[in-house]
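Each chain gets a letter, A, B, C and D, in the order it is written, and its residues are counted from 1.
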Amino acid sequence: MRIETCPVTGVRRAGDGIFVLGITSPGIASTIRPGQFINVRVEPGNDPLLRRPFSVYRIDGSTVEIIFNVVGRGTAALSHKRGGDILDVLGPLGVPFGIAAPDYETAILIGGGLGVAPLPILTDALRPGVRAILTFIGARNAKQIVRDHLADPRIATDDGSAGFHGTVVQLAEETLSRNMPRRPKIFACGPTPMLRAVAAFAVRLDVPCEVSLEGPMGCGIGICQGCPVELAGEEKRYALMCKDGPVFDSRIIRI
Amino acid sequence: MRIETCPVTGVRRAGDGIFVLGITSPGIASTIRPGQFINVRVEPGNDPLLRRPFSVYRIDGSTVEIIFNVVGRGTAALSHKRGGDILDVLGPLGVPFGIAAPDYETAILIGGGLGVAPLPILTDALRPGVRAILTFIGARNAKQIVRDHLADPRIATDDGSAGFHGTVVQLAEETLSRNMPRRPKIFACGPTPMLRAVAAFAVRLDVPCEVSLEGPMGCGIGICQGCPVELAGEEKRYALMCKDGPVFDSRIIRI
Amino acid sequence: MAATSFTLAGMYLKNRVLAASGTYGYGDECLDVADVTRLGGIVTKSLSLKPRAGNPPVRIAETAGGMLNSIGLANIGAHRFITEKLPFLRTVDTAVVVNIAASTVDEYCEVLSILDGEDGIDGFEINVSCPNVREGGLSFGTSCPAVAEITRRLRPLTRRPLIIKLTPNVTHISEFARAVEAEGADAVSVINTLIGMAVNVRTRAPVLSTVTGGLSGPAIKPVALAKVYETARAVRIPVIGIGGIASANDALEFLIAGASAVQVGTANFIDPAAGITIAAGINRYCDENGIEDVGELVGSLNVGAGVSVVDSWL
Amino acid sequence: MAATSFTLAGMYLKNRVLAASGTYGYGDECLDVADVTRLGGIVTKSLSLKPRAGNPPVRIAETAGGMLNSIGLANIGAHRFITEKLPFLRTVDTAVVVNIAASTVDEYCEVLSILDGEDGIDGFEINVSCPNVREGGLSFGTSCPAVAEITRRLRPLTRRPLIIKLTPNVTHISEFARAVEAEGADAVSVINTLIGMAVNVRTRAPVLSTVTGGLSGPAIKPVALAKVYETARAVRIPVIGIGGIASANDALEFLIAGASAVQVGTANFIDPAAGITIAAGINRYCDENGIEDVGELVGSLNVGAGVSVVDSWL
């Protein structure tokens, strides 16, 4: 973990309301692992005050890319950055996906909306090790599908404007319940309701499953206790999304 | 007075820590009078929160220029603007210089530091009407002298690195006490201590004198009462810098 | 198009957004840039018996997301208000709430009586954040008995809506709200400014000539919202929410938390039409959410069952 | 190079900047990005007798220039602190102040006694902004007798510096400071968070699971500064200034207003090395201004003769 002031390489549109922003950061580029995130200071002043957490989408040499939806002040400001602007970035942060073989042979990647963000570098990291990668991605409509840099993804859209008409979880479950690959493991990222559904069918099909969560964060490094994730089990206990996650084994948490 | 969202035409350096910023505003360009100011919203968000007041430096067609020193957050942010950025500007505001002849024949312009800001458009406005314009400008050193668009200014620098070695007030008083033009009137703008000195010698030489003040403002339009200017006379009374000024007859106020 | 007009404490308002006292002059400054008839109402600068010059400079200082002021209630006094400002205000088609400040209870009474003789005034708002000369300048507003007494003395003097504007610089603002409700106040305005301070490290002197001043603007919105929520749950009379409101979203938070109307202050300094934009934004929200009357929003906060405010260890 | 080290209430500090409770974990999280030995000290997260899971999500919300939190004092408890955190802290060359929270006076006493048996602790800071179960969850911190009682009961239990951390959510914080001074407290920390709230207008529900939370960050700096100024003029014991400090300039304002030291909280979330940068900036300021000991700045505010704070009508 370190703080770097990184020049922005550029910002490009990647869908409606979706942008990809690149920064130059040899440090992060060389150490980041799939599922880890960076915490970005959007402006030097107080508005917005807190950093914004983003998964790393792509690595290209010393260039680190994030992909984001404009949902509020911070992401709006980021979408207006230009090449040459300087961003203060803290990272790499958090627990990455557990990709170390050999506890599985087929990696099943499921991404909902911009939950696809960590999948490209996850795919790159998996390729050497695993026998097969099955990728399912879903979005509200075709315009919101981001399919680049993935191992030929199967696509689902809520409105049926592209691929399967329904949620990515329905698509994945349908496909997998018909023929489940040998020794599979699920890696999922997306909105909480989707992850809840993934976790449920992972249990039904008895497949190991890791989910990457998202939610508000204060610090991103474990000092504010602002990002509780409820743990499974009798007594109320919380893990920290930023430090113990954002990636969790779906069975140890209550999503 | 109106609020306009104006495209920035560009920002250029005009001395050390001194910048000229241009905006396109037909409305302000066509209505602004010398000594009036505009109140600029530096950023759309809360940082900084309040508008920043600036004299209008130049008018060129529908382009309005301000010239400013980087002294804090707002001016620093303005110095980083680029052509195409949008600025929210409120103006024209305040009482302009009283240039209507024939109560004087020679206009004596005195500008200290960036108190030169309103002098170029004042000079343009005066030229048709008056017999002569005497301009005195001063700054800490040669690097801070901004002499463009003025009627051959006499220059003073505190460190003697250009022109007269001393303050612009000393220079003006020396020159004028030797030979005072017929029916003169002083128009002065600059830091408060300088204006105090100008007002004092205007009284000594019995010359009518208008000064343009500067100080913190909340609103710039008379609704916050945040910009008091103490009036001369027995009982404590205040005028408002933004509404009754920023230009005042030096004899009616206590600088 | 949702219904926006309503009666607040007997006062007809065309919408729920008013300009806050001291941030809109006497309503006659912003005409070029704001169609004040589209405001629910205008609250005047606090008026005292005699004109007040106000405090010496520096009177304002910007802070993070806010500003400090120590204007010193500079105002033209009740009499000049009647002759110089009221005639114009009578011609403006929006509610006019006259805010009153004083340094003795008698002065409050005298000012109100003078103004109550005039028409064109829709209601009175009483600024109790004033130094009580009897108490060596301690603010009336931080003494519950003093605030209650002011209300008790003023109530019989007018049949117009009597709104008490409370200060947030107290431990339990709801106690004060209950006290003035008991004394017959028609509504409470919550909040006035928080006491704050800034230091110039170059000169090592206070930035404000009065050392401390009143903090306002977006920075105080969360505090104001909590005070409004506390107050609205404690009294039956309407609560007017004030504090850091700069957008329709901000205003909606206050309505949902229990405010029957809101006042916009500091935001006017950045955009004198802020209140108008906010009123329009509230309507848009209602239309988008199938709300037929803005009033439905008031106090509509749904506090999850499981949640206990008490257990919140700050 | 100005002298920076000093003794605060009997506690040696190498400089005047500490990390505030709850914003630096137990001092062992930020080692990659911050050399904690360059801090004057670290105040731990509040420790209770038993571990506390804390409040359910959502625990934080960003606001204009600040943030709300309702962590619910999630902490590992006194015992695990001693076994899991203290050994490391003993090895770190900076002052360690242990902050204590409880829901009964007895629990405060028990926690302090347990910890007082350990070495490697330089002082205790008592967080009184906790719900008093006896009083149905009303915060101890807003009751002057309760805060005085906590101090009275704790004072005899330790010879280490006893610092009471006061809440700003009261009318006159100086009364509380005087009360704890009278009970033998060695210093006061001013301020804890302001009560605030945020509403999600889409769901019409509170953003925080506990409805209200604690407001911190640059937004509250002016309020904190005014509270520190009020407190420092009321007591002889040192005041530790806290609230919105994010730069050396901010810290200097507090020292000049009367704080003997400062704590940096929310700023750590944006930059865990903030306190270190601030300490360095204070030194630079002293060197540039010919100040030989940072202590010279403490309370050096020059309040102009003519000025009367009283006359400030907010």
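A few comments on the model shown:
Note that contacts are C-beta pairs under 8 Å (C-beta built on N, C-alpha and C of every residue); 3 or more make two chains touch, one makes a residue touch a chain.
Because the structure is predicted, anything quoted here is derived from the model rather than measured.
Distances between chain centres, each the mean of the C-alpha atoms, put A farthest from chain C.
If you compare B-D with A-D, the chain pair joined by more contacting C-beta pairs is A-D.
With centres taken as mean Cα positions, chain D sits 46 Å from chain B. As a whole-number value, the distance joining the C-alpha centres of chain B and chain C reads 36 Å. Work out the mean CA point of chain A and of chain B, and you get 54 Å between them.
Annotation for chain B: residues 46-47 touch two or more other chains.
For chain C, residues touching at least two other chains, in rising order: 55-56, 64-66, 69, 71, 217-219. Interchain contacts join each chain to each other chain, per the touch definition above. Contact residues of chain A toward chain C in the complex are 46-47. Across the complex, chain A is touched by residues 64-65 of chain C.
Residues 52, 55-56, 63-66, 68-73, 101, 129-131, 136-137, 139, 142, 167, 169-172, 192-199, 201, 203-206, 208-215, 217-223, 225-226, 229, 244, 249, 252-253, 256-257, 285, 297, 300-304, 306-314 of chain D are the ones that touch chain C when the two sit in their complex. Note for the complex: chain A touches chain B at residues 43, 45-47, 73. Contacts from chain D toward chain A in the complex involve residues 22-25, 29-30, 32-33, 45, 53-62, 64-67, 69, 71, 74, 217-219, 246, 266, 268-273.
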